[in-house]
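What follows are several structures.
Same chain, two partners: chain A is paired with chain B first, then with chain C.
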Partner chain A sequence: MRTARKLKSAAILSSLLAAFLLTVVLVGHIIATVAYRGLAVVASNFPRVFTDIPAVPGAQEVGGVGPHLLGTALLVAIAFSIGVPISLLAAVFTAESLKPWERKLGKVTRLMTHMLIEFPTIVVGLSVYGIMSALTPYVKTFVPGFKPFSLLSGAVALFLVSVPYMYAQVEDGLKSIPQHVREAAYSLGAGRFLTSYVLLKYLKSTVYAALSIGLARMISETAALFFTAFGSDVYPLLDAQVLFRPIGSLTLAVYYFGLTGYENWVDLSWAASFILFALSLALFTVSKFLLRGR
Partner chain B sequence: MEPVIHIENLWVSISGRDILKGVNLEVPRNVVFAIMGPSGSGKSTLLRALNRILDLYEGLAVRGKVVVDGIDVYNSKTDPSVVRRTIGMVFQIPNPIPNMSIYDNVALGPKINKLVRSRAELDELVKWALEKAYLWDEVKDRLNSPASKLSGGQQQRLCIARALAMKPKVLLMDEPTSNLDTVATAKIEELIVELKKEVTVLIVTHNPFQASRVSDYVAFMYDGQIIETGPTGQIFTRPRNKLTEKYITGKFG
Partner chain C sequence: MKKLKLVVTISAIVVLSVVGFTVAQSQLARREVATVTVTPTPTQTPTPTITASPASITGGGASFVNPQMQLWIRRFMESTGGRIAVNYQSIGSGAGEAKWLEGALDFGVSDIGISKAGYQKLVDSRRRFIQIPIVAGSVAVIYNIPEFARAGCELRLSGEVVADIYLGKIIKWSDPRVAELQDSRCRAHLPDREIYGVHRSDGSGTTALFTMYLTLISKEWAEKVSYGYTVTWPRDQMGLGEGARGNEGVSAKVLNTPYSIGYVEAAYAIQQKIPVAFIRNREGRFVKPDATTVSEALKRAAVDLPGPQEFWGDLPLKYYMNREGENTYPIVGTPVAFMYLDAPRELRLALYEFFRWVLTEGQKAENIVEGFIPIPEALRVKALQYLEALISAQ
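And now, the complex of A and B:
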């Protein structure tokens, strides 16, 4: 009996250890490769790799991913600034609904959003493309430059990919608030909107965590951008039409340059990977710093 | 004198289960009114029906009339926020907002309801409320430290200060000492008696001795109904109902 128990315990322990080692080796390998291949390119082309456009394929120099960096910044800035208020409002609406019809609508919203989390992101991108294409003839009458492959479509796709995550996290957080804290907030005589503000303040760390997950997803998303932002290797003209032109992103740069056989473009793909990795790491560190001691 | 709380034939059911079954009650102004009764008799539900905190519960149905300080609480035109502004509430578990400072906890209600016009006025109000809750001397040097650092008794007095800062007409207290030790309880009981100069206090307790110590009037509840109500002295010396007598003599159940 005792031997069997000991054997079982040893088996579980060793499989846990094996799983741990496998994870460490795999993650370590990815980080090491990206750092080794990417950092070398970034270091030898610093700082132009952040500002230049890509060099021609097959050239000696690599150029840079300046337009892609700007593209990612614009896409994420638009998607994030629309996504944050919408996901917070939706989470408050479903978690704090009081009237029966609100509760029903809340349940439908929750179900739909959880379904959206499971959707392959390429399908999300394709749907956005479909909707934008269908809208183009109508919108073009009052916005002449409107096109389905554009910064706007890309931002909408990123919004759809990341909002469900932010929403689900905040909503779960609100649901987990003890009833006595919720009652305390309501007993102060504030309306639902202000009460929710108090509750969100109470949930500060969950909200920060949710928003950084959303932001990280936006920065690292690729598939949803294929049919939407489409990609571009030159700087966009920052005029009134910028929303309606295709735009590059770091993830698209990793994908497209990595696929080509040109050595300088493959190097550029590694450089873009490293920049993406460094951005994510910075984001992770900043959110940890913001959440310290909470 | 016009009662500050008037309850007429109040029925409350949650998810199809009747909790209050035709409650009638009148509470005079500036008294401590205790509601006592065994667990599950509907005391806390009655309290939550008065300031419409019950609205937060799913499957709620309310019938009857509740008037507090002239506000018809369940009239369809009445804004629940206005009701909650008039009626302060202190809960069983001391529940300051944990990641807020002592000052901010008290200032929160007046701030979000725009009861003050300047920072100086707010400072004044916070000080007043903390003094009324017998807490000022203990916290005046650390108003900006987190409320969660206070002891249980201090947290509960902070919650009382938070409710008082809204200058309510009625203060509801739902077993405010059930999670506190005897020293903290004594302090809060002393405070409750003092508070009736400012507000009408409606306190729910499952402890008949506490009711006899702090209240001017008392109601005994059982199975969603008010069995007996009257001046505290009379109820504790000459109860008219057998159930009340059993309860206060500890022979209940």
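And now, the complex of A and C:
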């Protein structure tokens, strides 16, 4: 009897250990490969890898991912600056609704957003492309350079991909705040706007964590960008029309360069993966650090 | 409270002002007339040099030409000091054509020319456009016969035999129809093994060229299979063949499967040093794809190349393939670039400048990626003629 129990315990323990080791090995392998292959390229081409355009295929040097880095920065900056206020406001609206019609609208918002989370991001990208294509003839009268492949489309796609995450996190956080906190705010004579502000402040670390998750999603998104940002391996002309021109991104660089048979381009793909990895690792660390405060 | 309001207001102002600024700028830009200077070049070339104003052109399409396009773009942008930014992304021939038709791209590149459906759309909408060949390409038949490799033999095939292999009518390497093509010394080394037929599983211009050739050569292939970016492979249904993704996939499959046969873009086969079969040409000579044999075929096609607005979807089949000449390789094609003639003038000038560069400087050896083949002089001259429509169009 006892030996049977002991055996069972040993079996379960060892299978747990095996599962743990498997995970560690797999994650470790990914990190090690990216670091090993990517870091070497980044280090040997530092700092030009951050500013140069990719070298010609089959050349000795690799060049750099400058246009892609710039593209990711611009895309994320625009998507983030529109996404943050909207996701925060939407979260407050759904979590803090009082009147019946507000509650109904809030429910619909929540449902839609949760559906959007489940959407394959390539579909999001395609639908943005479709909308932009449909808009093109009308917008063209104001902006002759308007095309569906643009920085603007890319930013809209990233916005749609990441807002549901930020929204859901903040909304969950708001819902978890005990009712008496709200009542305390209201009883002191605070209006709804001020109360919401106080609640968001109360949730500071959750909000920051939500935003950094949103940011990480934007940085690492690929599929939504295929038919929106489209990609570019050269620097765009940085004039007023830049919003309406295609732009590169690090993730697209990983994809396109990784698929080719040229060694220097494959190296470049690894370099881009490493930069992406470093960025998301930094964000992950920051969000962990912020969440610890709770 | 105040802070939040402030943040919201500031971000709203920033977004609105960026949009407003861009709209205003582009309105201004619209009013500016493109600065075009037409100056005759001092010597030799009688064609005027056209300098387009700063512009940004976006193209996309065939992935096969991507390395070559990227090299051209780099060199072209260096030569113009970045005045014209060219962006090309390898989204595939089909997507390139579709997105160009939808107006999302300034130019498209496809492995074999605009498809029938796409051409019909263009005709229906009465859009004016041109198509030009930009570089030469060809398809190599690759194989893996260990006995041949050991004996230092090289495989010889004819179009009919290749068609019958993929149709499933020739089962084994030792088939008399294969044997009769071989060198007398090598004939005995043909193994009594089943041939494994590898092909592309993804839609590709290479498959389109290969199946076009088989369609041209074999009546039965034309009736049963025909040509396209993807086709249904009869040999697969017999369990004697399978698909693989990309040139890489097909060559890896062939290299790892003894007694197999496959086809890849010739540039790729040469680069990767995969055994390439000789193909019997119209004059009965056995030739391999290389710069000379491919140019020989295209040189002859230049004479009867159809106009730039004709249907080019079967151009290789009708004009390029199985041409006369002793040293002519039969399975050739040219990636084709297409652009609208009713595009804004500034854009047309920028496109003109870029593609003119591609067809002149771009065809020089120092601007050609290893494995690619420049188009022969006769075809190049014809393409340059077609390109002139970009400036003369209203």
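Here is the rule we go by: the second predicted complex is superposed on the first by the 272 of 294 C-alpha atoms of A that agree within 3 Å, B and C clash if a C-alpha of one lies under 4 Å from a C-alpha of the other, contacts with A are read in each partner's own complex, and residues count from 1 in each chain.
Everything below uses one rule, namely that a contact is a pair of C-beta atoms (placed from the backbone, for glycine too) under 8 Å apart; a residue touches a chain by one contact, two chains touch by 3 or more.
This one's a predicted model, so the numbers in the text were calculated from it and none came from an experiment.
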{"item": "Chain B versus chain C as contact partner of A:194, first or second or both or neither", "value": "both"}
{"item": "First (chain B), second (chain C), both or neither touched by A:204", "value": "first"}
{"item": "First, second, both or neither for A:110, with chain B first and chain C second", "value": "neither"}
{"item": "Contacts of A:180 with chain B and chain C, given as first, second, both or neither", "value": "first"}
{"item": "Contacts of A:68 with chain B and chain C, given as first, second, both or neither", "value": "neither"}
{"item": "Touched partner set for A:217, first chain B, second chain C, both or neither", "value": "neither"}
{"item": "Which partner, chain B or chain C, touches more chain A residues", "value": "C"}
{"item": "Those residues of chain A which chain B touches in one complex and chain C touches in the other", "value": "194"}
{"item": "Residues of chain C touching chain A in the complex", "value": "1, 4, 7-8, 11, 14-15, 18-19, 21-27, 29-30, 54-56, 58, 60, 63, 66-67, 70-71, 73-74, 77, 82, 85-91, 99, 102-105, 246-248, 268, 271-272, 344, 369-370"}
{"item": "Partner chain C, residues of chain A touching it in the complex", "value": "53-54, 56-58, 81-82, 84-85, 89, 129, 133, 136, 142-145, 147-149, 193-194, 197, 200, 226-227, 230-237, 239-241, 243-246, 256, 259-262"}
{"item": "Complex interface listing, chain B residues touching chain A", "value": "48, 51, 53, 55-56, 58, 81-86, 88-89, 91-93, 95-100, 108-109, 112-113, 159, 162-163, 166"}
{"item": "Interface residues, chain A side, partner chain B - complex", "value": "98, 103, 179-191, 194, 198, 201-202, 204, 294"}
